[in-house]
Amino acid sequence: MIELDRLVRRYGEREALSDVSLSLPTGKTVVVFGPNGAGKTTLLRVLATLLRPHSGAVTVLDRQLPDEAWRVRGRIGLLGHEPLLYRELTPRENLRYHARLHDVPQERVQERLQAVSMTNRADEPLRTLSRGMVQRVAVARATLHDPELLLLDEPYANLDPAAIDLVMPLIGAESGRTRVVSSHDPSRGLAEADLVLGLRAGRAVIVKAAPDVGPEEIAELYR
Amino acid sequence: MRRTVGALVRKELLVELRTLESVPGMALFAVTTFVVFHFALNQNTVSGQEAAGILWVTLLFAAMLGVNRLFVADADQGGFDGFLLAPVDRTALLLAKALALLCYLLVLELVAVPAFGLLLLGPPLGQALPGLLAPLALGDLGVAAIGTLVAALAVRTRARDLLGPLLALPLLVPIVIGCARASAPLLVSAHPGGPALRWIATLALYDLVFGLIAYAVFDFLLED
Amino acid sequence: MRSPSLRALSISTVLAFCVSLSLVFFYAPIEADQGFLQKIFYLHVPLAIVALCGFVIGGLFAIAHLRTGDQRWDLRSYVAIHMSLIFGVGVLLTGSIWARASWGHWWVWDEPTLVSFLIVFLLYATYSPLRFAIEDPERQGRYASVFAITAGAFVPLNFIAVRLSASYVHPRVLGATSNLPSSMAFTFLVSLAAMALLFATLCSYELAAKRTRILLKVRSRTLGFR
């Protein structure tokens, strides 16, 4: 489902990702740990086809990036630090816009709003909503087109426990989708991971199955 | 492609209607500038080439306000990413933004041209108006194409408000030449002529060439 | 290594300039109307032609950069445009002096080529600010190339547009180039060749200097220096 073979992505002369290799089967979850600046967000953006790999092979959903990026775009959902929503528009308008872009029927918008429990505030401008509500709408946006692959950058930040329970069916392990999740929370991260990727300064220092990784190893990354 | 452009234009116009960030400012700027010109020139009316010059320079600078704001919401609120993640042809963004800018310019002119006729123009506007439509339309197309390209170029840089107009104004000089020269014979009281065909042709050619160039290079501004 | 061709270029440039300057001062006749200062024409027009070609070549290199993704084309494009801009300052200065000598004013709007050149110069003057306003080096190169292509296409179109708008009241001095006496034409061509060689030489020097700096940076990094 995802194959990375010595992926390199530079920023100027610095290597933001350096020889990262990974193999993730369909339906499994890899959790990415690492301090700030380790390359977690860069990795997610490369997988999302927003950044092109500078060297190494990247295969996502059986397609080679960057050449076949256009084929996989509609099958990936990215939930990043930014909600990717327009503040002056309402949640409904934002979702309608994304539905049109992804050629998804408009009925799905209402479904998703209900799924994240945002129907009662769906027609107020986004800038009047709290951070947690915006994040819920962002989850709706990221899953609107039923993507096969979910790329989640610290998805549970800004969400209270009730909200987390709401979104789990959509973006959690039980959604059944293949997931790449970046996380700062070792216990929750290890609990939902099938595979663990530990990044430090762009290098993959941990690439192991989740049961083989202990919390102290994760803590080492941050030292 | 059409669906994508439609979705994008709808979103653009919706955001603009909600925020009213561009169009009222552009229109107000134009009217205020006419007033300033009255005092700067110390004249009650203008006609001929002078009138054409004042009209086009004012429209141009007002357009710059719109160009500056064209991609700002997308750059600041993750609009680029949201678009780039969609399985659509990326040139649709160029078309949609240019169409939106064109709409803004049309509204601007609906306000500014009558205001010009009222405040500064000596000869009656009514007789000049039919002839003015062609330069206005072609000028708008040129500003839309070049303005969108320049706006996309400038928005993800550090000095975006400054670079936009600095890049756009030289590129728009031929449009100013064409429009101002085409309109000058229309704005005289005695025996107003029609716009010279040579200027209309120049404008059309310039619009075509830069439209094609913008179409060809735009994708490179979006990819990373 | 690069030095043989750099040396050859430098020598031929110096030679060409010696020949052209001797021609200008000793061979070409003094023009009846404008006197001795007319000779600045042999400096001004070649500077302008070479600078304009430099801008367009910068655009062509930019196309190669976008098509291949090879950063070396971006470097060549940057150097060509940069050098043309410097030559452009020379064009405007010599043009101004010539205008003063011919018409008594430091600037004239009746010379459409000079006017078009001013517009082109103002456009390309934004090239460096644009580059420096973008931090990501890859994006910087890409955006600069988009600019170079757009501006390169603009150069000929702008000339046409300004030409069309020019009033034909004052006689255009540059129009006189088509019916130059052969002595002046020959001098002009040699001056043009010398200027083109100068451009090529200066660009090669700048490219070599930049390449060396990049090499030094790479070497010092691999050796562990900060």
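Letters A, B and C mark the chains as written, and numbering starts fresh at 1 in each.
Going forward, a residue touches a chain if its C-beta (ideal position, glycine included) is under 8 Å from a C-beta of that chain, and two chains touch if they have at least 3 such contacts.
None of the values given here were measured: they were computed from a predicted structure.
Student: Looking only at which chains touch which, which shape fits best: line, ring, star, complete or other?
Tutor: Graph shape here is complete: every pair of chains touches.
Student: Quick check: more C-beta contact pairs in A-C or A-B?
Tutor: More contacting C-beta pairs are found at A-B.
Student: Centroid from C-alpha atoms only, then distance subunit B to subunit C, rounded to Å. What do you get?
Tutor: Roughly 32 Å, centre to centre.
Student: Whole-Å distance, subunit A centre to subunit C centre, using C-alpha means?
Tutor: 50
Student: On a C-alpha centroid basis, what's the spacing between subunit A and subunit B, in Å?
Tutor: For subunit A versus subunit B, the centre distance works out to 40 Å.
Student: Give the residues of subunit B touching no fewer than two other chains, as numbers and ranges.
Tutor: Answer for subunit B, listing residues that touch two or more other chains: 223-224.
Student: Find every residue in subunit C that makes contact with two or more other chains and list them.
Tutor: In subunit C, 138 touch at least two other chains.
Student: Okay, in this complex, where on subunit C does subunit A touch?
Tutor: Touching subunit A: residues 136-138, 217, 221 of subunit C.
Student: Show me the residue ranges of subunit B that touch subunit A in the complex, using the header's touch definition.
Tutor: 3-4, 6-8, 10-11, 14-15, 18-19, 73, 77-79, 81-88, 223-224
Student: Of all residues in subunit A, which touch subunit B in the complex?
Tutor: 48-52, 70, 73-74, 76, 78, 80, 82-89, 93, 97-98, 100-103, 125, 141
Student: What residues on subunit C touch subunit B, complex-wise?
Tutor: Of all residues in subunit C, those touching subunit B are 66, 119-120, 122-123, 126, 129-130, 133-135, 138-139, 142-143, 145-147, 149-151, 153-154, 157-158, 160-162, 164-165.
Student: Could you pull out which subunit B residues touch subunit C in their complex?
Tutor: 149, 153-154, 156-160, 162-163, 166-167, 169-171, 173-174, 177-178, 181, 198-199, 202, 206, 209-210, 213-214, 217, 220-221, 223-224
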